[in-house]
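Chain IDs A, B and C follow the sequence of writing; residue 1 opens each chain.
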Amino acid sequence: MKLSKKDILGMKELSRDEVTLILDTAESFLEVSMRKIKKVPTLRGKTVINFFVEASTRTRTSFEIAGKRLSADTVNISASTSSLVKGETLTDTAKTLEAMNPDIIVIRHGAAGAPHMLARMIKQSVINAGDGAHEHPTQALLDMLTIRQEKGVIGGLTIAIIGDIAHSRVARSNIIGLTMMGARVTVCGPAMMIPRDIEKLGVHVSHHMEEAVSDADIIMMLRIQLERQNESFFPSDREYSRYYCLDRATIERAKPDVLVMHPGPINRGIEISPEIADGTQSLILKQVTNGVAVRMALLYLLAGGEE
Amino acid sequence: MKLSKKDILGMKELSRDEVTLILDTAESFLEVSMRKIKKVPTLRGKTVINFFVEASTRTRTSFEIAGKRLSADTVNISASTSSLVKGETLTDTAKTLEAMNPDIIVIRHGAAGAPHMLARMIKQSVINAGDGAHEHPTQALLDMLTIRQEKGVIGGLTIAIIGDIAHSRVARSNIIGLTMMGARVTVCGPAMMIPRDIEKLGVHVSHHMEEAVSDADIIMMLRIQLERQNESFFPSDREYSRYYCLDRATIERAKPDVLVMHPGPINRGIEISPEIADGTQSLILKQVTNGVAVRMALLYLLAGGEE
Amino acid sequence: MKLSKKDILGMKELSRDEVTLILDTAESFLEVSMRKIKKVPTLRGKTVINFFVEASTRTRTSFEIAGKRLSADTVNISASTSSLVKGETLTDTAKTLEAMNPDIIVIRHGAAGAPHMLARMIKQSVINAGDGAHEHPTQALLDMLTIRQEKGVIGGLTIAIIGDIAHSRVARSNIIGLTMMGARVTVCGPAMMIPRDIEKLGVHVSHHMEEAVSDADIIMMLRIQLERQNESFFPSDREYSRYYCLDRATIERAKPDVLVMHPGPINRGIEISPEIADGTQSLILKQVTNGVAVRMALLYLLAGGEE
């Protein structure tokens, strides 16, 4: 089967079959990163531009390693070095990059919808590596791969997503993807961090963490963005942590086989206790490993799938 | 034919035959970037250092992609990470880079003449990617390739270059190159932006844009450097734009088959109206595409031409 | 022979036989950088991450070129783009990088011991590219390779190391390495820059430069860190230079065949006069060339030595 899409913009744009194809393809690439020679010639002669207008280490590095293991040429552009600082519009930067004939542009941008605009404007494939508080589909896909590996299925599971739901693109992409695959999703956090009408996305809302985790197969913690703390709706670390930190006491209220996820980077002792982050129920590092495989799968399906 | 030069420092150092060789070679590389496998093994095992002391996205990216499509190893060094911040002289940085045995150093530097100094000091090839207000020969070469593609010839054409002629390395390199190839060049801009004695370079001067464009085959707009606006000679955007913005009204005074160029990044609505920048007469994106091909040609002629 | 080590953390962790193996291997790689095709397939499919939390051009570039000439995939991460700025601990960054399955992580870090912590935590190889004022083993190894090339041996030579001994990781790594290989080391500098008890490392101390250089086969100058000048123990440039600058007058007190080294970047006229830095007795640029070879040897011995 083939992915009949030019771009990966969000979970919203993907079907169940497409998600399954991506996860299956990622499974097959997981093995490449375990070899002694971690390289296949699949994308030789293809150019992947990592265009990161918002800073990121882990996502950029993950895409760069994914591209290199597929033998693509990878080029990094970051905000600080980009023409954007000279006042060029995103439109003009996009058309300029297009004219250099890359095959795929991976974009992270602070503005929701920036990847979609890029995708409409250029003929090459675009992958959304995070746009504002909107979507982060490659994170959701790697999370779903991790869940499927550990639990065998996604459909029928109960997933509790805990934290600042309102401002999290990770939450949003996971809610869309997980519900589409048949999981039950409960979101939980302080009232100010739960969007009104979130139930319309098909999720259950809880304001009590112990209730939210009680029947969960997976607890997915979100990163609290400490950089937002001067905003008025934001509680103090201490206050937040008291009610919404995943620690041993909380996890003991959950099922014995519950597993724990976090997109990283983690704030130890704020949204997750070190004991849980490093414990046997934590999938955090598996998520990172799966991230490289999911990104290899997407680069392959978009740029090399036809061969 | 072979390029018997160690370096590409400026249009001033190139002969007519050398320009023709470079443009012919670039034509042959244009096709590589259109292939599914955009890579040839020509420069395998060669090292190209992109040493950008002045920030730039498009030129650095263009050189990096050019190097990678030729299978060279490319290494980027930018000002902020360089030893220059520790007070090392350019001379010492140059000798240090030389000692690592690269094949080509591409340098962009704020000081006119920096690439020439580098070239005198090291045995490897140096390409000037822009030095102060002095020269930007790879831009002029890609402009000339674009003109030759579209008009069949360069000699005999009339080219109007409009904007801040005095501070533009793009203007300077194009004036030298275009007049050498037999084109007639008219420069046009506010009096403070036209260097005294510019006629000595063999160009005609006009202070009225409509007059300048009236017999032009090509109108080459320059980027207004908004960052210089606090300098006293600089008019306001609005004032500049009123007299020197290329819009539909102005272009209607030109020949019907006139074509429009701009080195980018463009300031929409200041030196060029969006309608013209995006219109059918605009060659702006062809220039970008040709930039990769010209840089491939130069890397090839300097580092691999003998094979 | 094979290096039976996972990591290169410091000269302190290496034996005489291991140093000899590394230098012999580096000798054999020197030739690769002199070829027309400067590339061997040895590390194809291996991933090397250059993780530079402290800025550096020459060391990062040297490692990057070394990796590329061995056909490894190289990925650069610098402090400014890293998750560290989001408050992630080094431990979590390390585990994250580990989960992406690189083969070698090269780390430069402002904190002494950071590479050792990294090495304990992850299964992949770690190379210390400089940790605080602690060690800089690849610099010491390239210095030792340079000495051995020029003098035929290391054992039995007298080496004078001059400058801020107390704060120099270059001095520390060289003292450990050179004394282990049987050289006599004299350290010299202002009293405030000589650690108490330094004699315990087996070196002789001198506070007079002319005395220190009088019987030296090699004079190794250290970089004065001008950025530290507002610290109270630091003399002014002028004062320092008067007593500890290596100039012609000083070198005339040394043996006629004495050779001069400096790790760079040099402060001309402060710790070394231009005449000496650029003179026939200077090995400074040979050190840079040898740096690439030593780093190729280390990457090879750690990641590819078994094949």
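The definition used in the following text is that contacts are C-beta pairs under 8 Å (C-beta built on N, C-alpha and C of every residue); 3 or more make two chains touch, one makes a residue touch a chain.
Not measured: the values here are computed from a predicted model.
**Q** Over half of the interface residue numbers used by both chain B and chain C, so same, or under half, so different?
**A** Counting shared over all numbers used gives less than one half: different.
**Q** In degrees and to the nearest 5, what turn takes the CA positions of chain A onto those of chain C?
**A** Rotation angle between the two copies comes out at 120 degrees.
**Q** What's the distance between the Cα centroids of chain B and chain C, rounded to whole Å?
**A** One centre to the other, that is 40 Å.
**Q** In chain B, which residues are in touch with two or more of the other chains?
**A** 80
**Q** Which positions of chain A touch chain C when the two form their complex?
**A** By the definition above, chain A touches chain C via 33-39, 55-58, 60-62, 64-65, 68-69, 78, 226-227, 264-268, 285-286, 288-289, 291-292.
**Q** Please give the residue numbers of chain B that touch chain C in the complex, ascending.
**A** Going through chain B, the ones touching chain C are 44-47, 49, 73, 75, 77, 80-83, 85-89, 92-93, 95-103.
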